[in-house]
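Please go over the structures that come below.
Next come two complexes built around subunit A: one with subunit B, the other with subunit C.
Moving on to the complex of A and B:
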């Protein structure tokens, strides 16, 4: 695929990554099913760039996040800050990439204080004396908008938003180049979620880091990110600048996603008809074939991701024969 | 605190019900103690006189009240067989059984917990299958069978101890521990196997938790994850099992004392049952039941202390 930026500036490079999930079934009765979760996914995230990955649940967006974090096996090549997982130790790898997950409560050990949880990355990497670590935790708590006294509390004592602030703080402790935020605000109330979004924006001003923000909500991603990729059934169907994808969606699936966002200003719900299943799925067809209103026999093959940028756009990749 | 008081009241109620049920059970089963003492050839008058003396001719409610009030004062009645106060019979035997129980428990925890952690560590390797196989053997062998094997191999063949010759702790504590190791091990093995399985399951459950993923993402090593994160959370799930294990150790030692000829509570209980020594049996059954109830009460309190989630719900 095309890379508009020189490779040196990319914090994250995902090249032709695929991943399979095999169902081992019941012992000898096993009926090995190999279902593909990620299909030849490629993307790059530049320095200080916020990149949004959108798609419905089960589309593989979290799987991609986990693959990038090195938590699951994959085929293809992923490099973070020039390092490839497996080539360097996990410890070394984690200095450059940290994650914030959906449920902040379960992401924290219930038996350890907030301070312990936030100190842990520094301890694991042997950074600083105990005193310096304490000071770093207090400073970070204030960075994420919490009082330093929270260090002595337990996760259960905090509200959902406060917990997520702690998780973000813990992710920032090692000053990583890349943060993966996997549905980081989906478990929170809307108002609390938007506070967290604003926190990301504030921290972005103060610090240099890139982010892969994974969400099912295109509005949220548009608000926060510089570039967006839309994922459907394990492959990227549209990718471009946030403005291009949000304001000028091309792929039928992206248009469907946008129409699924309630917009009370318009009474027009023509695209909602897309939600209906159109035709039985065909093996080896375009991922969106069975739901696409425009599909023809040509769509029984997988289309390439091609740059359809026009009107002075930098890049706008779409995976469709008819665009 | 409210929880503590409620648990304590339940404890009192449980102990009362145990004493009541034990008492009723022993008076429903056939067999007249007075007749038993004097034999079948004794005259009806003599038997009646003895009933008067033992108090067994009074209404059951009165008998129960007398028994309980004596119990609370530490007067457990007089053994029919030994013609001695039950209290003094128990006095000599309680330390013996306690030693056996404590030794078994120490063995169970010392072997079970590390082995449980180890078997969680070797998950998805051939070692896992080997451990599982040994574990199932350990769970399936009854402890009296293990005792017989131990007596045969280590006692009769290797002469590491002399079967049937109990050495008193006061006379030779080292010899006593050397002897008691084998019965303690016999009691411990099946319980250890249960504990290993339980610890392993609890560890694997915790390993699937999200915070483990987070810790890995922070760069924490696998060993640190296992001990710093997983073990501390897993052990909370294991503590309730300790109460059950102690109960099994107590009931296990009843048979084991018989097999090894250890003069403890268990041996006393069996001989009291076979000789229909009602006052003695009643007291021993209540004694063992109370110990188990109290231990479970203590386990509940310990869980309160070590689990921050429960502690917190109490605070708010």
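Moving on to the complex of A and C:
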């Protein structure tokens, strides 16, 4: 993996995607106010690229993942491998995009064996004879670092890390172009999570696929991904190569996130000043206005995402007037 | 050396499994908590860290029982106190905060009343007005900006970080001698986590409260703890001052745990992780429980649990490599 943006076609294109949640109360209890979750989000993921999406809870990162998977309605345009939701069947779509979620146990049917779970995508798409499917499952189990005999076991017999390996294997069965990994290692123990990170790196070398890696952990995202986008309150505030965003963060929110991560190796207590809330929120201002240490009157409207690259990289987008 | 506040001696906890067999979840651990310090307990799931503090609080589930050992706290042995005495101690001299504050707060009772409850139980001489005044004062001290309004709110009206502040206020209102914090920031965002950690540090410095801090995150431990115990599969494997342990880890498990965390300079390289998985209480244990995953296992590791070795002042390791 290098840090440059791979050439060639884009596997995922997200163009001006917005999404709203409305209160579905009844009658007079109904609140007609819609709250906007995603605000005009655009990003592309290239072939064989690992793209990291970072933000805190409620920032809309999982909502974006779900929109890309076609699990929730949205406004705007999302294409995966040239296909658009609604234009092709869900079934056709699932050949190109698969997901790995945070809790592997809830992603598996407890009454079916691991083999049955992993075989299901092949059966749904009518790929191969039963014998070939069995063989494919066994080969995939070995790819994700499990013994082929696990095919006959049940989810409850596996540890958390082994279950996540199975979910990754199941997601790869149809050889999709894009994998959405939503907090895929957050529920695992530290020593097991690092094994899964290594697994992603190994399969990346062996196979061609792109990944949208959604996480709240900027360290992990930097470690694994080629490019990173940072989300705050439903919009992307910074996007660029992993190296640029992590080592040369420009948006005050990205800096805040980085300084808040407790580091086991440093004696530094983090930048306390950045953590303090500064001013009352203003309607229509930059989303980060009330917490930003640099905000001025100029920030009372929403800034555009603009290219601030200056170190020779192709793009480093930042949504801030200050720069 | 500082005065010892709590002394755990040879504590062994048994867990009754569903099939009626008994396994040791915590196996002969001894440690002391010194007055005024923040002591961290680190370990992965199933290492016995939460069971140990639950025993300390007398809140074990029905299938957990003390097989052996003492927990000396002042004049009392917390393993053998009467229920009457336990009610005097909990919430008054010993209190606890948990990972998920919402499950510890009663959704139907206003914050003001809940925070004042320990005072109502333990300080019968105080009037309601005095209690309300103390609650108001304490809520201000834990960084709640509009305490009067918050006292009249219900838990669901508060954000996660606010709820954890309320929990900290509730747990420290009787000025306990020891505050147990069981993964108090694991469910919070990094920026909120930073706030809660600095608040706990302030509680420790300003109220003089000793804190027993449970976590799986070495970064968090580094930011807040003076000393740390590393636990693995029911055993303490290493203990010492936080800086010594993180800079010069001696036990292979501690080393592995530190290496499992992706850092800045590891991008593009494989993480050196601990092979295998975290054992459950059901798994058969070697005398040294880490032997199956350790790269330096010797004959003797499968025969006896190592003796305690003092490497430096206050830095203790249990490993045959130092025999």
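Some observations on this one:
The rule is short, and it goes like this: the second predicted complex is superposed on the first by the 304 of 323 C-alpha atoms of A that agree within 3 Å, B and C clash if a C-alpha of one lies under 4 Å from a C-alpha of the other, contacts with A are read in each partner's own complex, and residues count from 1 in each chain.
To be clear about the criterion, a residue touches a chain if its C-beta (ideal position, glycine included) is under 8 Å from a C-beta of that chain, and two chains touch if they have at least 3 such contacts.
None of the values given here were measured: they were computed from a predicted structure.
Under the clash rule set out above, the superposition-derived model of subunit A with subunit B and subunit C shows the two partners fitting side by side. Residue contacts after overlaying the shared chain place A:193 against subunit C, while subunit B stays out of touching range. Residue contacts after overlaying the shared chain place A:15 against neither subunit B nor subunit C. By the touch criterion stated above, A:222 is placed in contact with subunit C alone, subunit B being left untouched.
By the touch criterion defined above, A:204 lies against neither subunit B nor subunit C after alignment on the C-alpha atoms of chain A.
Applying the stated contact rule after C-alpha superposition, one finds that A:110 touches subunit B and leaves subunit C untouched. When both complexes are overlaid on chain A, the residue A:40 reaches neither subunit B nor subunit C. Geometry note, superposition on chain A: angle between subunit B and subunit C about the Cα centre of subunit A is 70 degrees, to the nearest 10.
For subunit A, the partner that touches more of its residues is C, with subunit B and subunit C as the two candidates.
Shared-chain residue A:121: touches subunit B; no touch with subunit C.
Taking all C-alpha atoms of subunit B against all those of subunit C in the superposed arrangement, the shortest distance found is 6 Å. Residue overlap on subunit A between the subunit B contacts of one complex and the subunit C contacts of the other is empty. Taken together, the subunit A residues at the contact with subunit C in this complex read 1, 56-57, 159-162, 189-195, 197-198, 201, 216, 219-220, 222-224, 242-243, 246-247, 256-257, 260-267, 269-270, 272, 275. Considering their complex, residues 44-45, 160, 189-191, 193-195, 197-198, 216-223, 243, 246, 256-264, 266-268, 270-271, 273-275, 277-278, 280 of subunit C touch subunit A.
Interface residues of subunit B, counted against subunit A in their complex, comprise 209-211, 213-221, 224, 229, 232-233, 236, 308-309, 312. Those residues of subunit A that touch subunit B in the shared complex are 69, 71, 90-91, 93-95, 98-99, 101, 103, 106-112, 120-121, 124-125, 154, 156-157, 167, 170, 174.
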